[in-house]
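Structure incoming, see below.
For reference, chains read A, B and C in written order, and residue numbers begin at 1 within each chain.
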């Protein structure tokens, strides 16, 4: 009873045909939606979503991830094996951060000869990736339908630049609360600051706290999010909407440097 | 371990009580959401959604489909059997295109005597259709709770009128990308045109391509969608929003006629 | 093969890590989403959602419900046992109406000593409640990880005040159709009125009917909703949007008193 996860920008409807395909091949597959509301064609947002949740799934899970603006062109279709998990999707970098988080990666290119003839030009989620993922979760050896390759698109989250007390950062992801995930890893921010201090965000004073309820409802705060990155949030509010920020937006944060004792 | 699919305009929450009812009757049922975000009371949109995905599910699947503006009136409750699949829902045409796609249909009316007494006037999805669907997926013979009938509401997708080089078409469905599905079947458009040509859409030049990435991001294109119909889309954008189109909207497309060799 | 339900204000993405945690502990768990689109931090709306669907799930179901503005503070984590169901979540009242609906409640506080060390300050849905819920559905005795307590936050739906022919009411919940659930139980309204009469809503005449289709599309009506409360709706329309009402909004309804024969 293997698990198959789905991460797409498809909204409703289209994921259902992927599920039909998967269950037609392996009626015992357990399908878990990670998200189908990734912003359209936003490969980095999808990469962050998968990266955030991947480690909570057990070994043997097959992750099908399809944000695929290049569908129907000659971009490759790949399978990645890492830490006992499998990743199936287009070769555009989306699965890389999640796969690398789990350990050493092995990348396989899905051969055209392994694919049926009736593939649409616009929906490989259904016609290619759902099929391949279902066969893998059912136990098929990946080498039966794909061959190892070193030629693939990579993607890594660029981390903020820290220079003395100034952090030049970027929005990595905006969640459904409107909380803004910033490209500063927890260990970096905790290495130079502490909860209870106040940061300067482009001229605004914003407290750095351990959780939302440390400020009044409606107040802005920085915290370390459950994904392991610095987060800018409004307690019980929508920070992205209030600040007008979107994925990739830049910001400058000035911190009081804390002298850490060893 | 049978599959039950759900297609509704219920949004969140209400589908959960249907799932509770189903699992209380058949704890082994595998429930797959097709969509719960059909536009409210839009029977044709629901019909297209179910029609699009039905063939990807295995035989034995029970499809419960409830967009039901007539709930609590004397509209009938029906079961359709077609191609080894079952369809359960209100008698308003919604399930017809999907059922006919799978083969010869047999329609059954659910008798009042088969139903429990505690039925609400406003939520037959939970009180009637979930129960009936669950009993069918668990193996109950349909004839035990419904009797054959020839008296039912039919619904078919009206196809575009083609006259020489002018196609008078209509919007069938708008997906969550804002891609516009048009009532021109793939075989009709491929019979009179070819990828790489340019169509005239109410005065605008729009290329006809095999996939999204053949145009620049933000550009409008026609293509054949994965559902087998002509589609009007913006590469990485929202065509329905940009053009202000909605289900049922009409458009006139002029094509360069291609002389097809036999 | 126990059932675990999830009720949160998390939107997409975060529920997936809860599901990964649950399936890592009990690969046979059947997970059902009740809603992940509860308005942010709206404990009462979540309470009503869970209250509405709980009775349709079979005994043995574990309901994890996390709308948790106090996460990371010293609010307690609790388990409630009632009518053969289990409820797992923060001690803020959210689970009380559903639990009390099923019978006599037993409340347990999850001890700190039962919890692992790697708990984040901001996501107890994943780090505490998913783990506890999964162990319970797998068969762990609640007393192994929690101890009985009488000290917990309670929450009950305040019912409308009825004085002669005037009902001073309040919005309990707004569903995804924009239908407005009002804090007047079905038995109260049916005790003083009958379908077919007309109510006065802040100066507007609104008919009281048994189902939506008794009025023209676009018309306002009162009815008894499938949740057992008075409901204000627009047939095939969005009443909350049209009237500008939100959770907690107040309204005054004047009824023609019906002399009920015993």
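Going forward, contacts are C-beta pairs under 8 Å (C-beta built on N, C-alpha and C of every residue); 3 or more make two chains touch, one makes a residue touch a chain.
Everything numeric here is computed off the predicted structure, so don't read it as measured data.
Enquirer: Make each chain a node and each touching pair an edge, then name the shape: line, ring, star, complete, other.
Expert: Shape of the chain contacts: complete, all pairs touching.
Enquirer: Interface check for copies chain B and chain C. Shared numbers divided by all numbers used: above half gives same, below half gives different; which is it?
Expert: Different, since under half the interface numbering is common to both chains.
Enquirer: Counting only Cα atoms for the centres, state how far chain B is from chain C in Å.
Expert: Distance between chain centres: 31 Å.
Enquirer: List, in ascending order, every residue of chain C touching at least 2 other chains.
Expert: Within chain C, no residue contacts more than one other chain.
Enquirer: If we count contacts the way the header does, which residues on chain A are in touch with chain C in the complex?
Expert: Where chain A meets chain C, its residues are 1, 3, 5, 30, 32-37, 49, 52-53, 56-58, 61, 175-177, 210-214, 217, 223-226, 235-238.
Enquirer: Using the touch definition from the top, list the residues of chain A that touch chain B in their complex.
Expert: Those residues of chain A that touch chain B are 9-14, 16-17, 19-21, 23-24, 27-28, 31, 40-41, 69-73, 120-123, 126-127.
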